[in-house]
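Paired with chain B in one complex and with chain C in the other, chain A is shared by the two complexes that follow.
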Partner chain A sequence: MTPSRAAFAAILAKDLRAELRTLQSLPAMALFSVTTFVIFRFGLDRTSLSGSLAAGVLWATLLFAAVLGINRLFVAEREEGGFDAIRLAPIDRSVLFAAKVAALVVYLLALELVAVPIFAIFFLEDAAGLGPLVAVLLLTDLGLAATGTLISSMAVNSRARDLLVPLVLLPLAVPLMIAATGATEPLLSLGGPSYDRFGTWLTVLGLYDLIFGLVGYAVFDFLLED
Partner chain B sequence: MYGKGLKPLSIATVAMLALSLSLVFFYAPLDGDQGFIQKIFYLHVPLAMTALVGFIVGGIFAIAHLRTNDRKWDAYSYVAIHISVIFGVAVLITGAIWAKASWGHWWVWNEPTLVSFLIVFLLYATYYPFRYAIEDRDRQARYASVFAVTAGAFVPLNFMAVRMAQSLVHPRVFATSNGGLPGSMMLTFLCSLAAVALLWTTLVKFELTAKSASGQVKRLRRALDAPATGGNSRIAPEVS
Partner chain C sequence: MEAAGPAVAVAGLRRDYGDRPALDGVGFELARGASLVVLGPNGAGKTTLLRVLAALLRPSGGEVAVLGCALPAEAWKLRGRIGYLGHEPLLYRDLSGRENLRFQARLHGIERQAAEARIEGLLRGVGMERRADERVAELSAGMRQRLSICRCVLHEPGLLLLDEPDSNLDAEGRELARELIGPGAGRTRVVVTHDPERHTPEADQVLQLGIGERAVVS
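Then we have the complex of A and B:
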């Protein structure tokens, strides 16, 4: 195992272990998403959703729940001196970026493992669209994790930590949400899933992941200098 | 030192603006479909193009800052984005006026270019609170550059995504600039574009000159041990 890979695995394992032991993000994210579904139930006054409404409710909820986790992603590094340790370690700094993106993807997948089935139980009449939805979820999570990690690592060193993440991340996530809802809408339509422009939207998601993955990888070095 | 060449540049800008405005009002033919209101096109579109290019230029300056660690480039990047955001406000206002006049609504969601521009504008509007939240000057400059690079990569991607979100049954409401524009209109448009681009350059140069002058005054005061007067901006970078 190369040193970078070992460092990547160590940071990822550290993050997941810390989250498993403290449970400071995931339960809050899951609870938040379920409550948001209830609010949408009354806000829209609908007991079942399909098509564009279903896609919109699902993605708005997942995005806002993700913001909660992204806010806290680097708090431990900042408060317990993790940033200094990474700077001291003889490893490439981008490893921290990669490991944090991976950890965030795991958090988001865990969140969706709870939130999407509950969403289906609450609102969907048939769950046939959930199978292909996994591909949309995976690609969107990657993009959200890439931009989220980048913004979170900057916000944590600012005076307005909890403010900056939603402020900057939401506009950045607009193209991601356009593509994710575009792909989800036909999957959840009333007469069973259809695949209208599904591949095109997945391509857009992949492109977003690629661009912001590369941007994050390229600029992350500059965020750790001090 | 930034003031060098500011005067001829300003004169060229004023001359070009005067030329393009006279072309707009006395030379370009009235649009057969929209009539007089179509003339806002010669202001709206060049402003939008200049603002978008300005955002990208801000990102390129930010790359230069990250590569060289020279604070000058951070100031360039800040001023480029700053002026482009101001142009962006003008773009949204002229766009709304045009939309009201030709389609009857202040805002039209199925005009993808305008919607994309709004999203880009919203992202760049967060540049100020973002800078303001970071206290350490060096870190502020570095983070702002990272923001500018990320947002620069975001601009084309966003335009693509919004364009694709238009359902295919909806045709584009009006053709783009080269969509059958007659020669006289094209000439007027190019003149306006040059005038607005010159205006952007002049404003950027002026802002840099002003910042550099106030930075020099501050340094001289410090050398004389005199108390500084005036507010000290917490977001604008200092220029030497």
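Then we have the complex of A and C:
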């Protein structure tokens, strides 16, 4: 068997190289989030947001932008025979799951590098909460990537892929979004960030990541069977 | 150490797609180093047979053993020991030919320097050394097939499963490919073809699949 670390690095590098070359996912995700912020700004007719409303706008936008990337995560594997090539190679198939999760985390972080500053410019009077928000972003990205990779691998063989991913993913992401907005809300409070129950919400996010990471690791092998 | 016994042993193989049997009652044995040519009309189950032997499809019934591994139970032992050339080239369109081969080499655990030397040799062998840095999407079907042949033998597999290996190749391409995947390459081969005049004379066995008929081995 090929060492898992080498196979992981090979698949992740292949995905990132293909995305950098084609820019099929990231620009669409970034453009979607910026457009949604503009819609919120004029739809709510507010130039500043705080607390739960700010957290809700941020996470709803990031979640729907993430769906665009999740939809395309396994398209090359499906359409260009990557699934067969990987099944023929002497690697543990859960390595593919781990590499796809890592690729999606990179996409989400790149999206947030664009989207969060624009969100702050559009809606925040005080950017002091953005520092600790990094921890919430990282933990939420991990959970979203684990769930998204799992759902995307199941949906990719369906012709209704674009419909299936949001239909299955969004209900599964509800607990993640509750915890993410719960952790974000005090950071974006009027008058500066507070840390009320911040640690509790981070623990919930960590548990969600752990559960869906383990579920993905356990079932991914079966999902690749014919 | 390779186990003794035939390279491929199939008995009473059945594979269904829903209620429809694609293969039913197929049986043959293929010795190590020998070549089997599989013939039959469209829809006879030739590609299905190759995918079952490659452990890409589970058999619905019967017994299948490939390189000493009983399928599907021991499919994991077979990974990395088969060279599979299917209808699809199994190459990423947005990567170059060379990048695709490097990716495959890493998946198969080939050490970097050895992989580079092997890739260069294979690219020269199929006449693709000058076009190997172009994206696969920009190459012709014949060139993709040449790259796919390189991918198929990159990890020096003991068994080649070849589905229409000559498809899209010109005369020069067929001759170059023959060096790598022909009977002289010293590997056990199962070749699916619609060109019996070309492949049957050099085969040790021929398996004729029919639609709704018993498979015949000669």
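Here is the rule we go by: the second predicted complex is superposed on the first by the 224 of 226 C-alpha atoms of A that agree within 3 Å, B and C clash if a C-alpha of one lies under 4 Å from a C-alpha of the other, contacts with A are read in each partner's own complex, and residues count from 1 in each chain.
Definition applied: a contact is a pair of C-beta atoms (placed from the backbone, for glycine too) under 8 Å apart; a residue touches a chain by one contact, two chains touch by 3 or more.
Only a predicted model underlies this, so the values are computations on that prediction, with no experimental measurement involved.
Colleague: Given the superposition on chain A, are chain B and chain C in a clash or a fit?
Modeller: On the superposed model, which is not a single observed complex, chain B and chain C fit side by side.
Colleague: Contact-wise, after the overlay, does A:E225 reach chain B, chain C, both or neither (first, second, both, neither)?
Modeller: After superposition on chain A, A:E225 lies in contact with both partners, chain B and chain C.
Colleague: Vertex at chain A, arms to chain B and chain C: angle between C-alpha centres to the nearest 10°?
Modeller: 90
Colleague: For A:I91, select first, second, both or neither according to whether it touches chain B, chain C, the two together, or no partner.
Modeller: second
Colleague: With the two structures laid over each other on chain A, which partner does A:A76 touch: chain B (first), chain C (second), both, or neither?
Modeller: Touch status of A:A76: second partner only.
Colleague: In the overlaid three-chain picture, which partner chain does A:A10 touch, first (chain B) or second (chain C), both, or neither?
Modeller: Once the two structures are laid over each other on A, A:A10 reaches chain C alone.
Colleague: After lining up the shared chain so the two structures overlap, which partner does A:T2 touch, if you call chain B first and chain C second: first, second, both or neither?
Modeller: second
Colleague: Give one of first, second, both or neither to describe whether A:F198 is in contact with chain B, with chain C, with both, or with none.
Modeller: In the superposed model, A:F198 contacts neither chain B nor chain C.
Colleague: Please work out how little space separates the C-alpha atoms of chain B and chain C at their nearest point after superposition, in whole Å.
Modeller: So the smallest C-alpha to C-alpha spacing between these two chains is 6 Å.
Colleague: I'd like to check the shared interface: which positions of chain A are touched by both chain B and chain C across the two complexes?
Modeller: 225-226
Colleague: Mind listing the chain A positions that touch chain C in their complex?
Modeller: Against chain C, the touching part of chain A is residues 1-3, 6-7, 9-11, 14, 17-18, 21-22, 76, 80-82, 84-91, 225-226.
Colleague: Of all residues in chain C, which touch chain A in the complex?
Modeller: 51, 54-58, 79-82, 84, 86, 88-95, 99, 103-104, 106-109, 135, 151
Colleague: Which part of chain A faces chain B closely enough to touch in the complex?
Modeller: 147, 150, 154-155, 157-160, 163-164, 167-168, 171-172, 174-175, 178-179, 182, 200-201, 204, 207-208, 211-212, 215, 218-219, 222-223, 225-226
Colleague: If you look only at chain B, which of its residues touch chain A in the complex?
Modeller: It is residues 66, 119, 122-123, 126, 129-130, 133-135, 139, 142-143, 145-147, 149-151, 153-154, 157-158, 160-162, 164-165 of chain B that touch chain A.
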